[in-house]
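Per-chain numbering from 1; labels A, B, C and D assigned in written order.
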Amino acid sequence: MAWYKRMEIPIAITTVFALYMIFEYFFNVPALKPVTSSLLVFVEIMGVFALGLGFISILMVHVPNIRKKRLYWPYSIPLLILMFFLTIIGLPTWAPTPPKEYGTSLWILGYLHPWFQFLYLNVIVPADATIFSLLAFFIASAAYRAFRARTKEAAALLLAGVLMLLKNAPLGTAIWMGFADIGTWLIGIPNMACMRGITIGIALGTIAIGIRTLIGRETGYFRGGG
Amino acid sequence: MSKSVWERMMDVDRRVIYLLVFILIMWPLVQPMGLPVPIASITKSVYDAVEAVPDGGMILFSADHGFASIGENGPQLWGFMQQVFDLQARKPGIRIIFFGFWMEGTLITDTYLKNLGKGRADPNYGKTYANLGWIPLAETGMAVWAADIHRTSAKDMYGNDIGTLPLMKDLKTLKDIVDKYPHVLFITVESGTPGLPEFLRQWQEPYNIRKIVVACTAVSTPGMMPYVGTGQIIGVVDGLSGAAQYEVLIRKPGEASAGTDALSMTHFLVIAFVVIGNIGYFAMKGRKVS
Amino acid sequence: MLVSGRVAQFVMLLVLCAAVVLFIERARRGKLPWIRKVTGLDAIGEAVGRATEMGRPVICSHGIATMRESTYGPQTIAGMAVLSYVARLCAKYGTRLIVPVRQVEVHPIACELVRTAYVAEGKPELYKEEDIRFLSPFQFGYSAGYIGIMDREKVAANIMVGAYWAEALQLCEAGFRVGAIQVGGTAMTAQLPFFITAADYCLIGEEIYAAGAYLSKDPLQLGTVAGQDIGKFVCTALIIIGVIVLLATGKNWISIWLGL
Amino acid sequence: MPEIEVIFASWVAALLTLAVFSFIYKENPWFRFVEHLYIGGTIGYNMAFNIDWLVKNAFIPVFVKGQYYEYVLAFILGLLWYCRFSKRFFWLWRFPLSIMVGTGIGLAMRTVVMAQFIEQIRGTMLPLVGVPIWDPKRVAGSSLINNILIILMVIGTVSYFYFTVERKGAFKIGAEIGKWTIMLGLGAGFGNTVMARMSLAISRIGFLVKPEQQIAFLILAIVILGTIGYTSWTEKKKAA
C-alpha cells in the first residue's frame, strides 16, 4: 500500500487537531483565537458538505427498491418525491423584488417559499410532534411492565417512580400536599446524586476514550474489526 | 388452558393500556372535569414577582424553546403573555421587550402576539413593547447581544430597523436597560440549552439582573431547583401542571387547565396499572410457592 | 500562558491522562488488570447468537449524535466500537445486520467498520451497503424509520449503544413488541431510566466507554479502563478531603483551589 | 367559511397525526406511508436548510464579498467526502473525517474536566456545620441530613462502577449504596418524565378534538381503523 493511503495519517491528523484544541483552550495565545473560530466554521462547512452522502445513500436504497419491486417498494415513491420536491423548491433563488415580509435581504430564502412552508407546517411538524408524542403511550406500557417488585432493588425503583407520579399529577397533590415534598426530595437528593456520580464516571470515560483515539487504538474509529 | 385472573393482571395487553391512555386524554379535553389544581408555592412566587413590577419597570421576555415542547411551553408562554399585557394595561409605564435564543420560540411568540391583537399592525408597537425576534449563536449570542443590542438585533422580527423603534432607540446595551429602568424583570420560557445557566453566566453576574423567573419543561425542572435554593431565580413554572396553576392564578383558564385533567387521569392510570401488575405478580408468586 | 481559571482543570486533565497512560504502559509490559464482568456487554454475544438460531436479523445502532460534538461525540465512538464487534459476530455466524444511521457524516465510517469486519472474517460477499441505512437527519424521522424497520424485518436483537435522546424509549418499546433481546447503553443521564427499565440489559454511563476495550480484549485498550479507576479514587479522595477541610476551617479551600 | 387551503391543511395534518397514532395498534400501511413521507420530507428540508446556510455563510462571503478565502480549503476538503464512491481515491474521504473527529475529541477533552468532573466534585463538598439538621420548608435544600446523604450517595455511585477493584470491604459498602441510589434516582427520573410525555400527547390529541377538527378526526379515524381491520383480516385469511 502506498504510504499516503496508510491509516496512520488520518489518525495523526486527528491527534494534531485534538491537541491543538486542547492547547488553545488552556494557553493564552491571542493569535490563535481567530484561527480557532475559523477552524470551527471549517468543520461546520465540511459537515454540511457531507449532506449529499445521505442523499446518495437514500437513492442507493430506494431507487433499486422501486426498480426491483422489492417488498414494500411503493412506499419508496412518496419518500423520493417529497425529498426531491423539498430540496429543489428549497434551493435559494434570486428574486429581484423580494416580498416585504421576507425582510429586505436580496436572497429570498428557498425555505420561505409558500409551498415549502406549507409542507413544513402541515406535513413535517405534525408528523414530528405526533411521533414524539407516541412516547406517552410507550411510557405507560413501559411503566406497567418494568415497575414490578421482583427484587428489592426493583421495588425501590417502583416506589420512587410512583411517588414522582403522585407529585406530578395535580390530583395527587390535591389528595395530600406531602407528595409534593417527597417528590421534590427524590428529585433533589437521590436523583441528583445518582446523576452526579454517573456524570463523574462519564468524564473519566470520555478522557479514556479520547486517549485511545489519540493513540489510534480505539476500535470504534478507523480500527474497526482489527 | 385459560389464564387465571392473576395471570391476566400480570399480562395486560399493551393495546388495552394504549387505548385507555388515548381515551383518558381525549375525554377530559372534550368534557373538562375540573379536577382540583393545587397551587405550588414556587409557582405563586413567579406570579407575585410578575405582578410586583411597578409602573416604569421593564420586562425582558425570552422564548427559548422549540416546537417539540410546545405542549408544555406553549401554555406557559401564553399565560405569561396575557399577564404582562394585562399588567401593562393597568400600569402603562411598563415596557416589554420580546426576543428569543431559539428560532422556533420566537415564531411562537409572534403567533401569540397576533392572537392578542398585538405585533406589527399595533400602533403601540415599538413604543411600549418590541419584538426583536431570534438572536443567533446561543451563549455567545447572549454575551454579544448584551454588549451591543443594535448590532446583534439590527432588525426586529418584522424587518424594521431597530433604531427607528422609539423604545429601542436609546437602549444600546443591556447596561442601558438596567440603568434606565430601575426594576428589570427577566422572564424565560425554556426547554434546554441555551437556557438559564447561560443567562446566569452571561447576564446575571455581569449586569446584575436579580429578578429572574423561569418556566420550563418538567424534565428540566430538577436542574432549576438549585438556583431557586441559592436565590438566583425567584421561582419556576414547572411543566404543564405549572402552566395550569398559572392559568388559575391569572384567572384565565385555557389549554393547560383543560390538559391538567388529562394529566391527572393518565398519571393515575399508570399508577393503577402498576398496582394491578404487582398484585398479579405477588398472587402468582404466592401460588407457585404453595 | 495558562488562562486564569483554567489552571486547576489543566492540572487535573494531566493527572487523569497520566493515570490512563501509566496503565497503558503497564499493559504494554504485560501486566493486565483484572476486570469485572460487565453483564450488558457479555449479553451482546448471546443476543446475536439467539438471532442466528432464529434466522432473524440483528439491528445495531450507535446513537444519534455526530462524532464532532463535545459531550456526545465520544459516545458515538463508543457505539461504533460495539458496532464493530457486533459486525464481526454477525459475519462469523452469517447473520444479517442492519445499522440505522442518523448523521450523514457518521454513515461512511459505519459502512467502513462493518465492511472491515466482514473482510476480517473472510466473508466480504455478505456485506451489503444498503443495510447500513441512513434514515433521516431528524431525530424522530430516525426514530420512526428505526421502529418501522424493527417491526417489518422482525429483528431478534436490538443493540443500542451511544448518545440517545427521547427516542430511547420508543426504540425499546418497539423492540420489545417484536420480541427482540435488547441491550441499551448510553451516557445521556436523562435517558438512563428508560434503558434500565425497558431494555433487557443496560450499560450505564461510563460502561459504554469501556465497551470497546472490553470487547476487543486488546491489552492496551484494557489498560485505559484501569486508568479510569484511578480517576475515581482521585474524585472520592477530593470529596472527602474537601468536606473535612470545610469542616475544620470553615472555608472550602479545595473548591477554591479547583477553581483556579 | 375558512379558505379551502386551510381546510385542506388541517385534514392533511389530522391524517398524518392519526396515521402515526395507528402505529400503537400495529405496524400498518398508513404508518408505513407517513414514515416514508416524513423521512423524505425531513431529508429535503435538511438539504434546503443547509444549502441555504452554506450559501449565506460560506459562498457569499467568499465568492461575492471576497472575504475569508481560507474557506475554499474547507470546500475542497468537503468535496473529499465523495471520494468514498471512487475505487481509486477511496482513501481521501478519511481526511475531512479525521479533522472533524480531532476537533470534536479536543473539544470533549478540554471541557469535560471542568463541567463533568471538577464542578461535580465541588458541588459535593457540602458543609456539615452551620446548616439546619432538617429544613421542613425546603425539603431538598441544604440540611445536615441531605448533605450527608448526597456525599454518601455520590461516592457510592462512583464506586459502583469500579472496573478493576473487587467488591470487597469498603468497596462493597460503596457499591451497595451506589446501587440503591441508582435505583431510587432512576425511578424518580422515570416518574418525572411521565408528565412531559403525557403533555405531548395531550397537545396532539387536543389538536384532533378541536371543534373545527372533529369531523376530519372522526371520518379519518373510521377510514384508518377500517383499512387496518380489513388488512389484518385478509392477512389472517391468507395465513389460514
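Note that in this section contacts are C-beta pairs under 8 Å (C-beta built on N, C-alpha and C of every residue); 3 or more make two chains touch, one makes a residue touch a chain.
Keep in mind the model is a prediction, meaning the values are calculated, not measured.
With centres computed from Cα atoms alone, the innermost chain of the structure is D. When the C-beta contacts at A-C and at A-D are tallied, the pair with the greater total is A-D.
Centre-to-centre spacing of chain A and chain C amounts to 15 Å, using the average Cα coordinate of each chain. For this pair, chain A with chain D, the centres built from the Cα atoms lie 6 Å apart. With centres taken as mean Cα positions, chain B sits 23 Å from chain A. Taking each chain's centre as the mean of its C-alpha atoms, chain B lies 34 Å from chain C. Residue positions 6, 9, 13, 16, 66-68, 71, 74, 77, 105, 108-109, 137-138, 141, 144, 152, 189-190, 192, 194, 196-197, 204-206, 210, 225, 228, 231-232, 235 of chain C are each in touch with at least two other chains. Residue positions 14, 18, 21-22, 25, 68, 70-71, 218-219, 221-222, 225, 239, 241, 263, 266-267, 270 of chain B are each in touch with at least two other chains.
Under the contact definition stated at the top, the residues of chain D that touch 2 or more other chains are 20-21, 23-24, 32, 34-35, 38-39, 42-43, 45-46, 81, 84, 97, 100-101, 103, 105, 107-113, 116-117, 121, 124, 140-141, 154-155, 158, 161, 182, 186-187, 189-190, 192-195, 198, 200-204. Those residues of chain A that touch chain D in the complex are listed here as 4-5, 7, 10-11, 13-22, 25-26, 38-43, 45-56, 58, 72, 75-76, 78-87, 89-92, 107, 109-111, 116, 118-140, 143, 153-154, 156-165, 167-169, 181-204, 206-207, 210, 213-214, 221-222.
By the touch criterion given at the top, residues 12, 14, 17-18, 21-22, 25, 35-38, 40, 67-68, 70-71, 155, 159, 218, 221-222, 225, 239, 241, 244-245, 260, 263-264, 266-271, 273-274, 276-278, 281-282 of chain B touch chain A in their complex.
Residue ranges on chain A touching chain B, taken from their complex, read 100-101, 103-104, 125, 128-129, 132-133, 136-137, 139-141, 143-145, 147-150, 158, 161-162, 165-166, 168-174, 177, 180, 184, 187-188, 191-192.
By the touch criterion given at the top, residues 5, 9, 12-13, 16-17, 20-21, 23-24, 32-58, 60, 68, 70-71, 73-75, 77-79, 81-82, 84-85, 91, 94-103, 105-113, 116-117, 120-121, 123-124, 139-141, 146, 149-150, 153-158, 160-161, 178-195, 197-198, 200-204, 207 of chain D touch chain A in their complex. On the chain D side of its complex with chain B, the touching residues are 21, 24-25, 138, 140-142, 192-196, 198-206, 208-209.
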